[in-house]
Amino acid sequence: DTFKMGLLVPGSVSEEGWNRIGYNALKGVEKELGAQVSYVELQQNPASFEKAFRDYASQGFNVILGHGFEFQDAALDVAADYPDTVFLISSSYIHEGNVIGLNTDTSQPFYLMGYVAARMGKKAGLVGGMEIPPIQQAFEGFKNGARSVDPDFPISEAYIGNFTDTTAAKEASLSMISQGADFLVPNASGATVGGYQAIAESGGDVKTFSIFSDFTEVAPNNILGLYVADYAQGVVRVVKSIQDGEVPSWNIEFGLKDADVIKFSFRDDVENGVPADIREEVEDVKAKIAAGEIKTRNR
Amino acid sequence: MANIENERPRAADTDFLATMTRFLIRTAQAIAMPAAAVLVALASGAVLLALSGFNGWDVFDVMLVGVFSDTRSVAEILLKAIPLILIGVGLCVAFRCSIWNIGAEGQLYAGAVAATVVGVSFEGLTPWLYVPLVMIAGALAGAAWAGIAGLLKVYFRASEIVTTIMLNYIALISTSYLVTGPLKDAAAAYPQSARLFKEAWMPRILPPTRLHIGILVAIALAIAFYVFLFRSSAGFAVRVVGTNQHAARYAGMNVGRNVLLAICISGAMAGLAGAFEVAGVTHRLYQNISPGYGFEGIAVALLANNNPFGAIFSGILFAVLRSGSELMQITAQVPQVLVSVIQGMVILSVVAFGVYRFRSAIHPK
Amino acid sequence: MTDKPFLRMENIHKRFGDLVASGGVTLEVEKNEIHTLLGENGAGKSVLMNILCGVLAPNEGQIVYKGEPLRLGSPREAIRHGIGMVHQHFMLVPNLTVAENYVLGQGTPTRVINDREEVHRRIRALSDRYGLDVRPDALIQDLSVGEQQRVEILKVLFHGIDLLILDEPTAVLTPQETDRLLLLLRELVADGKTVIFISHKLDEVMRVSDRISVMRDARIVFTTAASETNPRELARMMVGRDVLMELPRAAVEPGRVVLSVDKLSCDSEIGLPAVRGVSFEVREKEIVGIAGVSGNGQSELALALTGLLPVKGGSVRLDGEEITGLPPSEVNRRPIAHIPEDRHKMGIVLPLPLTENVLLQRYDRAPFSSRGLLDFGAITDHTRDLIRRFRVKTSSENERIQNLSGGNQQKLVVARELARDPDFLLINQLTRGIDIGAMEMVMQEVLRQREAGRAILLISTELEELFAICDRILVMYHGELVGELPPDRSRLEEMGLLMAGHVGEAAARAVAH
Amino acid sequence: MEDVATLGFIATTIGATWRLATPLIFASIGEVFSERAGVLNIGLEGVMLMGAFVGFAAVFATGSLPLGLLSAVLGGMAVGLVFAFFTITVKADQIVVGAAINLLGMGLTAFLFRTYYVGTGRGVEIAQPLDLPGLSDLPFLGEALFRQNAIVYSTLLVVLVAVFVLYKTSFGLTLRAVGEHPKAVDVVGRSVAAYRYGAVLIGTGLAGLGGGFLTLGHSNQFVEGITSGRGFIALAVVVFARWSPIGAFLVSLLFGLFYALQLQLQAQPALAIPYQALQALPYVMTIVALVMVRNKGDTPKTLGVPYNKA
């Protein structure tokens, strides 16, 4: 029997963002483990989650990744009926039988960004899509990082209310810039690109980091560094162990300690990039986070 | 004398035969046309797939066979049909009254919120009370949300096209606020409400599938509203108000009250759909409880020529397309967005096949 | 008669489904004549004329105009040839000005409209020449029906048309306006134009026509010079039997007061005073007429009596009960029936079948409704009964009423209201658009209602109608009742003075009487 | 909060208002034409998506911005032609067909985008703000009004041309009459269907341009569902504006203003209002404004009604 893996994503895998990350993970498993893979996009419609899980499980899929916390309930409902299938849930901390949470702690790289922002800038702005955990978590890390440098560092936050409106993301960013923000991080899935656009148009004074994917082409003069999530590496690792018959016994959390999964790097080819001294400080903080000495989140 | 006695039943007989024949022909027309239309739409979907490097036959395979392969698949179709039928039926009433309620999506959210509030509030209530209570809460909330647009229309002549579109956004945004704020499940990081108490869940009628009593309620209501619109005096008033308001006033009908009645009925049906989604399917409130059922419901109603009875069938048709699209993605990795294309084509080809010319075919006359 | 007539419509066939609206019609019209088309409701007059001006395409047949065959089914072609029609329902865009309506469709679409002054000047010139009193910058929706009629006629002249078709132009005109129109038609003919005229009013047909063609059952059955015929013969040709020109009226004594109106006032829909302190009574077995030039508050009076317009002052009592200010839904529960003035606006619901139109006021009560549900059996029976009794021409009771000819729609409304068995019957324009045979029948029905003890108020702009059946006639002017007259034809002139507001002169005349 | 009253804040808000209003201005003025002729196109959202996608694809392929904008217009018109065929020629219910158009627009653009562009990650060159010598550098006004790109400025042109065409040409006069009393147009020998086709094509062409602005005049990427409901808002704008082009222009700006304000206000850290309350602001204000102005009954009489000749 071939090993089969299914993926449930809550949106379109064509967007540079969350869903694409899940899709890449699936493709990684296909390439590296030779698994037969399949995915389904569910348009953030909770009613269809359970059916999709059952569709895969009943067809004998070995692993099903529900890419997002919202899949947890449905997986729990289904899992008991399919004890031989492992249900992985992204951004969840669950561990109940064959339902296992996988969390990439985005607050950690964002903590580093916040740190850089507070060291180099006067005011920061965060533009989110909707107020959901992956985004809240990231922003929480950013704020904690910035405040570890300067407890009064001003940070404004705005949500556009969806993940498609690039125009709104751009205008929200522009308005923050006009209100004095010189360090901006957009995080709105498909609409993110609008944020980088705004940053690029505002000249070289506004700084940012490229998140999840590489956006240097959009804002070459503004992007100080990259946070690229190679979730695929982590997922491949986990799925490999399942394939080998070792189902994880606890939920899994990827962080800066997993350098192959969360890649945080600075760009050398940008004018007014991050100076060496700050880079050293950041490396230091990064090591401490990896070692568990710094908490990037509030709880 | 005897002659007359003898003739009566015979006249009735031929009458009956004629009526039956007419009915059969009409039914055949009514079914053949949409069926042909669906085939044409699927065929164009297949061509599109083939052009993009997929296997075109998969469309037929999945849509015509795959989705009906087992009980669970059929149950899932009916499950999806519940909100579509309910909303479609409600909109038949609104549209017959010439009220362009584009706000079923928002009314669905209002119903879902109310059902959630009720569903997480009364621990230990018997299902015999709890289930109807949740349904009523949903329906009332939907009616109230639609009623805002109704009142604005009656008292301020504010176009319901504008107000219902705006109220959609407001309902969605409010729901987002509620699940990230007041209604948020304290135990979860994700924005969602607490789970509804088990006693508030809609009883399932075909275990182990998820199909719940909502489908029976939806069909019963479709028939009830068919009777209401075309066989009751209140429904007649709604239709007259929708066609000629001067004549309606002249005939002693209260225009404002009928407008409110019709829009509230459509809102109540959408609200009920929301309650069923929460209490029958997800058991929690999420920000995205509806994948656009409210908008699809417009097409459901209009495809049925605003006939509530017909909405049962057009609702199921759309549910099949939805289910099929998911299955197509799982089995053939066809992007799900293609379903909107096929849905769009189904509507257009139904229209093109002139089902509209035959629209009275499905009505008994 | 020459061999080559000015216009020849030959063997025209037009079917709507099973219904034959033109069954091989052949019509010849000479240059410079006024040719009248007469015929029963639904005989096919409007359809035939719509074919002539290209709005409808016939199934068969041809038209030769000025010696040339006319391409059928193209309004453009008709206009290019100088054929213009004033339709039964006006073809004026209500939210545009008169001038804008005139230039509508003229010239290429890309034309920039920068000749407003020139157009206005031309309109005023034409208007002066024919004494039509049309203001080029008035919005159509602000004009009275009579004014719109003049605007329509002037439009045709503006377009330089030489064959003018008028479909029941006088149905909504006051007698004065009708007189003016007929004079105008004669002037046009004198100017070299040709006119086809449709009307149900035999007296005006006799006055204005050169020749007359009678249609029956979708065919032309008879054509004659006006000078060689008389109304009686025409009526017989139309209806196929003799029509009573004078209705026999039983002498009955009016009984108790049914409707009593005291100092009633109300405003029009746009908020101007329309009815100013009107008082009168209507008794059992009595037909009271209200005469007046339209626009003098009659419409508002009718609406106020039935609760369709808010009452500002005064009171209305029905059978002794105060019904002032009751909503229409309440008034509707009282024994009142109402034949409204504008059937398309109020009396019927065009897209609904005849059955459901018959249901209109009684949709929520026995015998058509019980426990909230409609009884289509009873409704269908009743509708069939009305269709038969009032000879409504229709293919079935399930036909949409919009497919009936104008006169037949009116007959159904009258039938429905008379069948309601009211104590008080309010009629606003009884015979609008009804043919002469049907008119006789309808009036007889109303008289029968009188004898059966109803109280009847008949508002009309048709003096003939009023004189034929009323017991007494009140004259309304400027929202007030300015006088009362018996239905005595010898006092016609006095009535004219009253209607024009010359109360003093009329009184002098009355004394002389 | 301290920033709210400053001139800078106001200037940015005005600038953002105009940009956010731009797609609405195009789409709603276009829809004014359509509805004035009696055709209600509820499929604007799908049309705008098509414009956004086709425009993007054209620039992606050719690198030419003018060609991209033209393609956006033509893309919109292509969808419009389908809509017109079904509503005018087949005489199907306009709302049904509009709903189908939305589904088609959504599905086709997403499908094509995935099949051909996804993963390229590349954006396209977009219209840059014009540097108007002297004006762009003015204090306050420069920021507020004179740092937009040509597409944004062209909204002024569009509204002027729309007013001229609708009220000063024979075409416009006839078009208005078609929506009010089609038969009156028919009997003077003008084709009601042709005018409705024309009106729909103008409407969808402009809506396509509105969509194109999103990908070619604002952000440089196509995203599935990038219009995010603007087609529906444009429909509301038309009703609110009482079917007047100038009204549509102003109401679009009003809507853009509320939208810009809510984004600006969210960014104020001191404002302790749930962000959803601010997000709802444009929609709530639209209702409030609508109630305050009181809609007169000036809807085109035959709006939504197919014309039957007989």
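The chains carry the letters A, B, C and D, assigned in the order they are written, with residues numbered from 1 in each.
One rule holds in what follows: contacts are C-beta pairs under 8 Å (C-beta built on N, C-alpha and C of every residue); 3 or more make two chains touch, one makes a residue touch a chain.
What you are looking at is a predicted structure, and each value in this text was computed from that prediction instead of being measured.
Taking the mean of C-alpha positions as each chain's centre, the chain lying farthest from the centre of chain A is C. If you average the CA atoms of chain A and of chain B, the two centres end up 37 Å from each other.
As a whole-number value, the distance joining the C-alpha centres of chain A and chain C reads 76 Å. Chain D has its Cα centroid 30 Å from the Cα centroid of chain B.
With touch defined as above, residues shared between interfaces to two or more other chains in chain D number as follows: 110, 114, 224, 276, 279. For chain C, residues touching at least two other chains: there are none. Multi-chain contact residues of chain A (touching two or more other chains): 12, 131, 161.
Of all possible chain pairs, the ones that touch are A-B, A-D, B-C, B-D, C-D.
Contact residues on chain C toward chain B in their complex (touch as defined above): 306, 308, 327-333, 338, 340, 345-352, 356, 359-361, 363-364, 368-369, 372-374, 376, 398. Considering their complex, residues 72, 76, 79-80, 173, 176, 180, 188-192, 195, 208, 210, 277, 281-284, 286-291, 326-327, 329-331, 333, 335-337 of chain B touch chain A.
Contact residues on chain D toward chain C in their complex (touch as defined above): 168-171, 173-174, 176-177, 180-181, 183-190, 298, 301, 309-310. Residue ranges on chain D touching chain B, taken from their complex, read 42, 82, 86, 90-93, 95-97, 99-104, 106-108, 110-111, 114-115, 224, 229, 232-233, 235-236, 239-240, 274, 276-277, 279-280, 283-284, 286-287, 290-291, 294-297, 299. Interface residues of chain B facing chain D in the complex, by the touch rule stated above, are 48, 52, 100, 102, 152, 156-159, 161-163, 165-170, 173-174, 176-177, 180-181, 295, 298-299, 302-303, 335, 337-345, 347-348, 351-352, 354, 356.
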